[in-house]
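Have a look at this one.
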């Protein structure tokens, strides 16, 4: 009997954890007698039939590597003429019994439509450094991104203190502020600016002045897509996922100017940019990636298609692809309350009310 | 009206994440108008009345620091004459409205008894690098410990490959193999020895020979408290928690000898030891520690005593202290299956059966 | 007899290694019965008489810390009315027997003039992350800066390979390309752009195309102050040291555009900026800083003023302050030859001539 | 005309920096039209004719990798029957025009004898993590080893402070104490034990008590081959190089006991062992390795045989192989004075005399 053949592709922006996920899927398939077919450069590889068998030596040690050994692209078959049909025929030609699709909203959205419209035998593995997918508690890549950003924030604090400056670090996060939130907490930031709410410049300035008075420096972490009141130079963009984002060009610079104006303290900015994407995945991302890949292979071998694997209560569970990509997960009120509690205390404010017990953070 | 006073102590072995937890509790208390009293060296400080007010500058930046700024000890008031009475009278003398107790089974066991027997106003925060507490999904310190161990494992692999050797790394884990399990997965180990099951020397040797043939080296990660069949020189110990442990003196060395004997390949061992305890906490441990400390302060201010904070489904929730310390969490069958799938595949074995879908890892 | 009093100040941009140097000086002075006086914020502190005694606990463990515990500024007493006279009278008022001045060209230039014109009892310790001082083989801060930049470059390569892009990293280096040169070698860059010579766009494009063909990505490291031929939008600046620099605004962006135009490959840029300044010093910088500080204290206690400490043939030796700050050290022909050899080979070019033996790199 | 063929082998213990050196040699040879032949596993490969052409893709990115891609062994042809003759005939068979030998005293000693006795066209590249070769200022591998050891020492300090313990870290260094010395300085150790002088237990105890009183912990760094007075259980060993070493079994443990006995403070030990050998080379080691490899290839192409490349005053220069391996470089009086100055000051001792100016450290 012929071996079952499981295709794997990675689409959208690369992130740490993809290689552990690929490895997990290939090793699980291999242990169960199936063969893995690596598709090159996301959906592009399925349109162009660019694929090769993945062998043990291709994946044995990639758990430590950033990026994706399969390559990636932003190609969307639904934006190509006969794209979906091409994909289906390539899958047939490659004799794929199942296809594991690793990617963000856009990539998984394609998978979902192919399942709905063409009964494509797909399994999704979510990937977003922004951690903004509501169907899963965490996505791999996020922990690594926060780790890199926190390291940068700590370096900025050193130089800020030596020079008596306020320092601003701009981090990733187009629709949700998770990276800024976690970086802010982990780096003991004095203020954190999130896309979930407009920056309250007066409140920020008060807290930074208090921090500066106590410490001779202050640290701000800001998401790339925040809104600053009174600044009308928004740059409207439609992102890959069809969402409209209001992006400031040079958020970090504008924020620095605003801070300098309000506090009178010299303020400098740094933008972490693409540096945040690469590098060896953290332990959290290696384990989560491995588990996600293993589970995806398991679902594939069992023929349970149309699902995405998700982390819930420390289990990897299948959720329907259709639901999985429906909602954006933004920083919620409980987290905002935690953040405000920390930054209020750091500024010496002592008048908050204890929130109701039923909620947990 | 007098400020409420919240005592904080840390007991048992130190671990990364304690300082973020202390900081979280102090900042939360401060933001809500309460004062934090740091007790020195665990229960010892409460017996000897060794305490001081914690101010903002004491904790503002300790989120990045390993260890505990409060100091720790293994002093157990129940093993001292009138110990519990002393503790209660010191708490009264220090005018503590609540006491946040951060520690492992032993330290929290004392807190639980003081609550049951003396109505002590205690809140527990769990801490174990071994991650072996059943009431919570993860404890802080664990992610950092695995990160350090994985770094060591990767270094060993480099030298193992250069010399054509098999390398063995012994990591922490007295009762449960979580550190070895996660390190093994994250470092792409070829075999992992856990205290949860006796080492199957023949199976291990077969897998290591396959790995060695493919790769010119092989890597084994082993918990400190594993049992090797046919080796009768066990060293019986009663640990701090009253558990009996069968500890090999020199597990790594004995395992290396066994591997060398079975495979004929030169094998070297390294033991990570105390190096694994310290250092800056990882992001995961900083966030978890911060959230745990904040929640403990919240419970303290609300007067909800007798609880321990726990991580469940990405929420920090209170669980009864009594239940919380009842059961040890060991590596379960789902994780063993995941581990065996990975190591089987790495050894080129392709005959496993897909496990039932209902379980998740 | 009164203890001798040794003042210490740090001026100009902060950099990793200053704290080890401060510590080395304080410990050496202390072991020899002298007292250390920390001047705050460079020359500013000597004008404003902002100083305090440095005690053992202030410095015992700062060898691991980035920045400078003394603070720093760009204040130049020669640009203030009666500045030099103020400095001399404050030194008298503080009863300083000697003054250790840690800084770059500007800060040390002031020290040199004060020594020449006012017989000020000064000793210099050189500090520049750019490593562009001719009187010493290496300055502390440089090794740490290259370490941070190399880490960033490696992260960029991961994401570059996943997306099939060419990546450009802009690093520090206003007058000399040492940071770019060392980062380029250490990160296996395919091309390195230095301020010492105009970028040869055709040569660069040929090498990047070869690298891309072989590897699916290519990496460029560029100094912040390079010149691109045909790009006339230079921004002329007079820097702190009176040098005129031709700085492109957005070197990384312009370079990326040029590369994209010549190669047809999608190209992305990242700028490391202030992140490169902070963080724990590397071992090299800790040792060099410690040795420099110790030697400076030794010269101070022996009354050998007007010297700067320098690294030569693994010894720390005194050189005259006047000579020390005279010349800029730029990347020389031997290093350029080494760099070109490496990048030529990476591009598959095999026609270089072996250079004469007498030179060494 | 046939391409010239340059053989490369690595012998003895592996260390970080070998791969950059291999890469440097291969790239330099390639740029000049020569071919590189990688010999497997040191001299063993030359006896067994185990070799392969090294291509660009084999070495392009190995600058970041620990260990040696060529493999290594401790095989000594002079201890094999007709070993030298075998080596010479294999070199002829492989048509090697030159042989670059990377290794420690033993490996280079063989190269030197082959050059003297058989006119073998050899060039040496020194490698020792211990940094104990007198002919060169530094050897690659050393900076990485100290970096890893310092990281471990800092982790120990965290846990030492939390528990109120003295911590002892045993590091590498059979004949010379350079690793312990640099680790001690870089980690702010309170005492450092070197093989160059017997441990003065009373002096050590006094300094540790002072540190403990000030800081609540103390840190000792010790070389693996120190001598403790009054401890007669020496273990005499003849090492690979024919040197007799007096090695304590369990130096760290014995030292801990002695410290505990003298100070009354609980003391714990850790041994870093093989973990210190692997991992990515530091920047210093990448640059030094690259330069050494490039220079070795240059000497090979120019036909200057019988030399070893050495670092002197930041130049890579050839030194005669015969002289190069003659002397051991141990920690000298100037460094001991620096060390004692630092540890005296940390212990609050303030009575040292300023040493003569002519010496430099």
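Letters A, B, C and D mark the chains as written, and numbering starts fresh at 1 in each.
Throughout what follows, contacts are C-beta pairs under 8 Å (C-beta built on N, C-alpha and C of every residue); 3 or more make two chains touch, one makes a residue touch a chain.
These numbers were taken from a predicted model, which means no experiment stands behind them.
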{"item": "Graph separation of subunit B and subunit C (steps between touching chains)", "value": "2"}
{"item": "Separation of mean Cα positions, subunit D and subunit A [Å, integer]", "value": "42"}
{"item": "Subunit B and subunit D: spacing of chain centres that average the CA atoms, whole Å", "value": "35"}
{"item": "Whole-Å separation of chain centres (CA-atom averages), subunit C against subunit D", "value": "28"}
{"item": "Per-residue overlap in subunit B, given as positions that touch at least 2 other chains", "value": "154"}
{"item": "Chain pairs in mutual contact under the definition given at the outset", "value": "A-B, A-C, B-D, C-D"}
{"item": "Contact footprint of subunit B on subunit A as seen in their complex", "value": "24, 26-28, 30-33, 56-57, 60-61, 63-64, 137-138, 143, 146-147, 150, 154, 182, 185-188, 214-215, 282-284, 286-287, 290-291, 294-295, 298-299, 301-302, 304, 312-317, 338, 341-342, 344-346, 348-355, 357, 360-361"}
{"item": "Residue numbers on subunit B that touch subunit D, as the complex places them", "value": "10, 13-14, 16, 18, 41, 65-68, 71-73, 148, 151-152, 154-159, 161-164, 167, 216, 268-279"}
